[in-house]
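Can you keep this structure in mind? I'll have questions shortly.
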């Protein structure tokens, strides 16, 4: 049984309406329960407004639940005293690459968390260099941020979190503002961190081709989890996915359409290779 | 009649410095009126710079550009008029909203054109409907709206100028699949209703495939091709070599062909893929019988 | 195009001056300014100029750039010299109608011009050879004793760093917003001053809104990296003073003493 690094129990959440006292509140999370296992790569998939970003923000105590509880490594996120402990266990990377970089030089930004924690300069040097190498940005350590591409900036942001040596990184739509090359770079980096360094990854996204690379996909809609399974199973539910406004891989959709036309098909096919194999069998 | 024409259009920046770079290299292009064009190219291929030439925001280093037959850099041409004819919606246009109400923000363009109030009012109501904005939202502050709604306000603001050519730079950037389909659907409707020329820059070949009649491909500052969609997709492997992400389904059919199946490879939507398979099976069944 | 503007223009290099500890450079610049304003004769000013010129030579900054720093203040130089030249009373040297030039006027005028020029060139030398972030760092460290007096040294330095970090980003954004509004027919070039000021609204409001959003997102990102103000913070980049720094400081103090000496001897 794998150790659980994050546990959400029946989390309910709504934003307080600042303008009107007795206005009806919009319930953003309606009882979300979820466990993230150490070393896993989980994707949380959903359209905008499904609650996926909101639950992610509970994982490092940016938001506290209105109902239910969230535990990080056994620590209750509502425990104010343990805030920094929590944030050192679970790091967070956001959507806008620019608005996470605070220093004028890359390596100084990566060191930011360590400077805040009062780490001594020698150890800092080592950890910063290691972090930059693990995301492939070591050669850019003395560059200024505005010289970098979006994908490079996001990798610097990730390095800034890695320097804290967290057990888990939560990435909230990290590729939404990037071009395809940047998206590939960031996904590659994330996969490598999970595979080679054993870092637990929680990826919030609405891109199904990204979610397809995870071990497990949690699909959210209207503040609740409606599916929680491996990619193959999740994407094979083509109709449900489409109904809630999400994409499935083109090959899966093709299988679904073929099934509708009475042709032999398997909607568990989610990647190109399997599709080519299946079609070759059918057409030869 | 071509609505936009370029002759040897070239743009180089930072000339004379070590950072000198040619962003647009000798582009010769003629875009017909009423076309629905998808513009694709890798990052840095010059597509964003190219479209900024079409409305006179960028002046070419050499070469000419004609809008409706008029040389836009000739002395007599008023650039502002060109900008009303060729409407350009930038990426993340919601970040340029500034007025107190949605109504006033959409009115900005038409007001600058000097149109009378009733005309402006008519246009605002028409474009709001085109982009799917409810009437109540017109009198709200744009900053109360969601990101997707704000974007539609910004697009409406350019549509309200009733330009001859509407150019949109990655209108689906950052949107989820539902939002993306909605906006593309509305743009397609706009094109059908108004019969104006629409150019859409996109990174997603899937979007462009579903939606454009013609595709313009930029590669390393040069114009690679400008053809109708099926013709462009026949060259899918060349596109893949340029670093463009060819739709998954196109790759599948290319591999089928490589494995000896005599099937067409200009397939880029799933519906067409199914159709192609059914046709192939029928033909094969017919031959066997 | 707006990207070409750099505040406190910095020219990277590896000269002796570039490599000096920035804290010392700031102090030495202070000593130099003190030299300029203490000297009350031309010899003293001359000594100051020698110090300045030697420093410029050592910094390997091109002469052209040295003069470029003076461009913005040419109007001030002209204005001051006219004021002093024509309106100071004293021994009249020559007359042209009712315009008179006095010896005192000439002397004061020349004195002030040399002072201003030396002041600007000296400050420019500092910014040419020290990057803005290094300067901010140095100022923070020099001012840190003030923390004891509850002076928000760290906060000011953090503000400066973030400002410096975002200047190129904001310039790029301004460019984009201007292009977007121009594309809707905004006209920022023609019209009266009032009209042109009004035309700035479509640029300033989006900029402000965006700046606030950035600030919020940045603050959140900083908190997620355990930011908690200045207490207990260590720094990645350490400043190490060397013998060369003390030597340079020593030289500047010697020059300063010479200036004082000259004051006494010639005063």
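In this document, chain identifiers A, B and C correspond to the written order of the chains, with residue numbering beginning at 1 in each.
Going forward, a residue touches a chain if its C-beta (ideal position, glycine included) is under 8 Å from a C-beta of that chain, and two chains touch if they have at least 3 such contacts.
What you see is a predicted model; the values in this text were computed from it and never measured.
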{"item": "A-C compared against B-C, more contacting pairs", "value": "A-C"}
{"item": "Chain whose average C-alpha position is farthest from chain B's own", "value": "C"}
{"item": "Centroid spacing, where centroids are CA-atom means, of chain A and chain B in whole angstrom", "value": "30"}
{"item": "Gap in Å, rounded to a whole number, between the CA centres of chain C and chain A", "value": "45"}
{"item": "Where chain B and chain C are represented by their mean Cα positions, the distance between them in whole Å", "value": "46"}
{"item": "Multi-chain contact residues (two or more partners), chain C", "value": "none"}
{"item": "Touching two or more other chains - residues of chain B", "value": "none"}
{"item": "Chain B - residues contacting chain A, complex", "value": "42-43, 147-148, 173-179, 203, 206, 243, 245, 247-249, 251-252, 255-256, 259, 261, 263, 270-271, 273-274, 277-278, 280-281, 284"}
{"item": "Parts of chain B lying in touch with chain C, wherever the complex brings them together", "value": "52, 55, 57, 80, 83-84, 87-90, 93, 95-98, 108-109, 112-113, 143, 157-158, 161"}
{"item": "Chain C to chain B touching residues, read off their complex", "value": "173, 176-177, 179-187, 201-202, 205-206, 209-210"}
{"item": "Residue ranges of chain A touching chain C (in the complex, touch as defined)", "value": "60, 62, 84, 87-88, 91-92, 94, 96, 98-105, 107-108, 111-121, 124-125, 128, 144-146, 157, 160-161, 164"}
{"item": "List of chain C residues in touch with chain A within their complex", "value": "132-133, 161-162, 164-165, 168-169, 172, 213-214, 217-218, 220-228, 232-238"}
